[in-house]
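In the two complexes below, chain A is the common chain; its partner is chain B in one and chain C in the other.
What follows is the complex of A and B.
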């Protein structure tokens, strides 16, 4: 899926994580993050590995696995990798592609500055993390 | 035509066809030759060199070759000091670049680089069918047909090394009226002009640096701030050679950097008016300029490969690939040269590999050819046996000296199979991402890595039979020599369990 710069900005505008950003801000996001593509079956996050990044899915699907057990599936508009970066710890899960994956990537060291530069993205991310926490709590109870 | 009778590789049927005569195509052909895999090399150009036949515009490379390293030039370790020579196994064909440099800089000039590649072709006896343009592609069962200006080439494996070479300008209104980087004129024609450069990557800063003494004012504009390599601890960002404009901006010397997106470029008299929106918000900004240059990059000229199912992505329209640079969607189609940057690998801490440069792509090409040989032509590449007592020292020697590991950090690794039935076998250089995700034989691999503080250290990946690899970072060393008692003890302890079965 080769998007033109304008198509990429249009795609970002349609993702809930970036829904509160103006067009110039979306263009900046498109320049700060890099597009990457991964084949089926590739691990993107690796349990216990250092130096991981933050990813936003533009197309495709990944499965989240802990010790080999599937815990979730993520698709277009979903993001992953933020937890280990924010905590400064290696990921506790593998994230593996189940379909060819097209993502936006941000290196781990850049995430804090990125979120400080874009508070609306930080707020949206916080809401999603809160939802994940609530769902995990319900599963345990 | 009589004058064409001496041209090699006439249209026909070949096991492999390589398209391109830049560094990627030449390096690929060299290793195919070494393995005895019959192939044709075709190129639209009249001579070897690819992009180096014309660029960089200011005629000086960004990649070093240091003629006086600590080891002889035919030593493998010297490759770390010479980023521009192509690889060869024969001593007389190694390290050609330093022979041709005039001593004025550790960064060769463009003509020196072009001569380096031409000399490599001459000495190694590589053959290329020049002036043969790839025009289209179709599938013929599980084979491929490449239509060219000279006729049709049929092949089992097609390898495209055509560069990220096609100038790209965004479709923002007005860009159609302005020059691209490749259209830049001689510097004196910018004397006294107000110059606006769209972009803040190396090509933009190369032009700004070269035109500092000519332009009246230079504005560089893109949505995000410029990254500098000295801050990213990698080749990601603007290289040190091009940061003079940054200092001029700081000192108020007529250089400006705008973090803004360009909404429109209008003609204004003999010049232009550029309308921008600042990334941090605020009213639209108008900048008048006499000249506008779009340093907005290049895309892959992959012609109709999408029509046969090759998936592409991103601003540069790179193909989606496996860790061995094979199309993720069309098996049998491979890519070499700068296109290899589409394979991200581990990208630890966000740092990319150097696949977009010769010093990374040359190792990718060799690794890819070995993979093609095994997968498509059943070539049995030898894996030398290793004495168990030597394994730790060999791993630390690689981490200290291997040019593949230093040029392609967190991307290429040296792997040793720990097979209980055969003992320890040297698998050679492999893509690290493939190694850690392949649940194959027990094995150990070592890579060199940089973290977010710029600390350089070895990383060891141990894979038990049928399980994903586990990462262990070794400590750094102030002179980057990891052959210390401390490292030996650390690594010996780590490997004591996993090598037991193979230590026969």
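What follows is the complex of A and C.
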């Protein structure tokens, strides 16, 4: 179920990752990224394997599993895949759909250029990664 | 006594956080970076206080403490305080000097200015944080 360009830009405007972007910038994002849909039970990222991408969830849900243990559930507005790309390492988790998933996808090699072109998105991503580290530290203590 | 610009540049250049930033942003970084000295046992930052700075240890040693637990030890070129600087949350741990310690200190508002004008610096910060999230995950598993 692909959205019209107008609907896609409206959807992006409501996601916190893109909250600081202007309408023309949102249109650029919509143009740059590819809409994809996945059925329930599909494994999108595979722990330990290369071949990755950056995904932003438009609708649906995925579960993040490390060694088979559930670590998180991600929903509309959440994103995944950026850690492997930025670190140049294979994913450390499986990401599997638990509901029909509708995402925007960006190929791994394009992420760095994309972030450089959109510093507000990078700053939002930076905050999210900082929050993850905070949560990981809290779990550990 | 204020640090020499050359000393600040070479200290910052050794920090992975600042790897690959442009000469121009390094100059700006150096221009807004100060130096602070701490005695043994003195707290550099205190858990619960809102973070207003990123610190890089030039020499000396410090311990990271949460409540009564020691979480880590830091030495020259180690940095801390970047989480509070980014999300303006209260500091989630204290850092206490173990011996006389000299730090470079970068204020949050100056760092945010730099992040906005220098995407490469922001990317390096994300990479550094992401690697540490992964490190935490591995500790979980073992």
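The rule is simple: the second predicted complex is superposed on the first by the 139 of 141 C-alpha atoms of A that agree within 3 Å, B and C clash if a C-alpha of one lies under 4 Å from a C-alpha of the other, contacts with A are read in each partner's own complex, and residues count from 1 in each chain.
The rule is simple: a residue touches a chain if its C-beta (ideal position, glycine included) is under 8 Å from a C-beta of that chain, and two chains touch if they have at least 3 such contacts.
These figures come from a predicted structure and were not determined experimentally.
Visitor: So, on chain A, is it clash or fit between chain B and chain C?
Guide: fit
Visitor: Which holds for A:131: it touches chain B only (first), chain C only (second), both, or neither?
Guide: second
Visitor: Applying the document's definition of touch, where does A:42 land relative to chain B and chain C: first, second, both, or neither?
Guide: Only chain B; A:42 stays clear of chain C.
Visitor: Quick check for you: in the superposed arrangement, does A:6 touch first (chain B), second (chain C), both or neither?
Guide: After superposing on A, A:6 lies in contact with chain B but is clear of chain C.
Visitor: With chain A at the apex, figure out the C-alpha centre angle toward chain B and chain C and round it to a multiple of 10 degrees.
Guide: 140
Visitor: Once the two complexes are aligned on chain A, which partner has more residues of chain A within touching range, chain B or chain C?
Guide: Looking at chain B versus chain C, the one contacting more residues of chain A is B.
Visitor: Contacts for A:115 in the overlay, against chain B (first) and chain C (second): which applies, first, second, both or neither?
Guide: So A:115 only meets chain C here.
Visitor: For A:31, using the defined touch cut-off, is the partner it touches chain B, chain C, both, or neither? Pick first, second, both or neither.
Guide: A:31 contacts chain B only, not chain C.
Visitor: Rounded to whole Å, what minimum CA distance do you find between chain B and chain C in the overlaid structures?
Guide: 15
Visitor: Does any part of chain A touch chain B in one structure and chain C in the other, and if so which residues?
Guide: none
Visitor: What residues of chain A sit close enough to touch chain C in their complex?
Guide: 66-67, 82-83, 86-87, 89, 92, 112, 115-116, 119, 122-123, 125-127, 129-134, 136-141
Visitor: Which residues of chain A touch chain B in their complex?
Guide: The contact residues of chain A facing chain B are 1-6, 8, 22-25, 27-28, 30-32, 34-43, 46, 48-53, 94, 100, 102, 105-110.
Visitor: List the residues on chain B that touch chain A in their complex, please.
Guide: Touch residues, chain B against chain A: 170-172, 222-224, 259-261, 277-279, 281, 306, 311-315, 317-318, 320-323, 328-329, 342, 344, 346-351, 410, 433, 436-437, 449, 451-452, 468, 470-471, 473.
Visitor: Provide the residue numbers of chain C that touch chain A in the complex, in ascending order.
Guide: It comes out as residues 66, 69, 71, 82-83, 86-87, 89, 92-93, 115-116, 119-120, 122-123, 125-127, 129-134, 136-137, 139-141.
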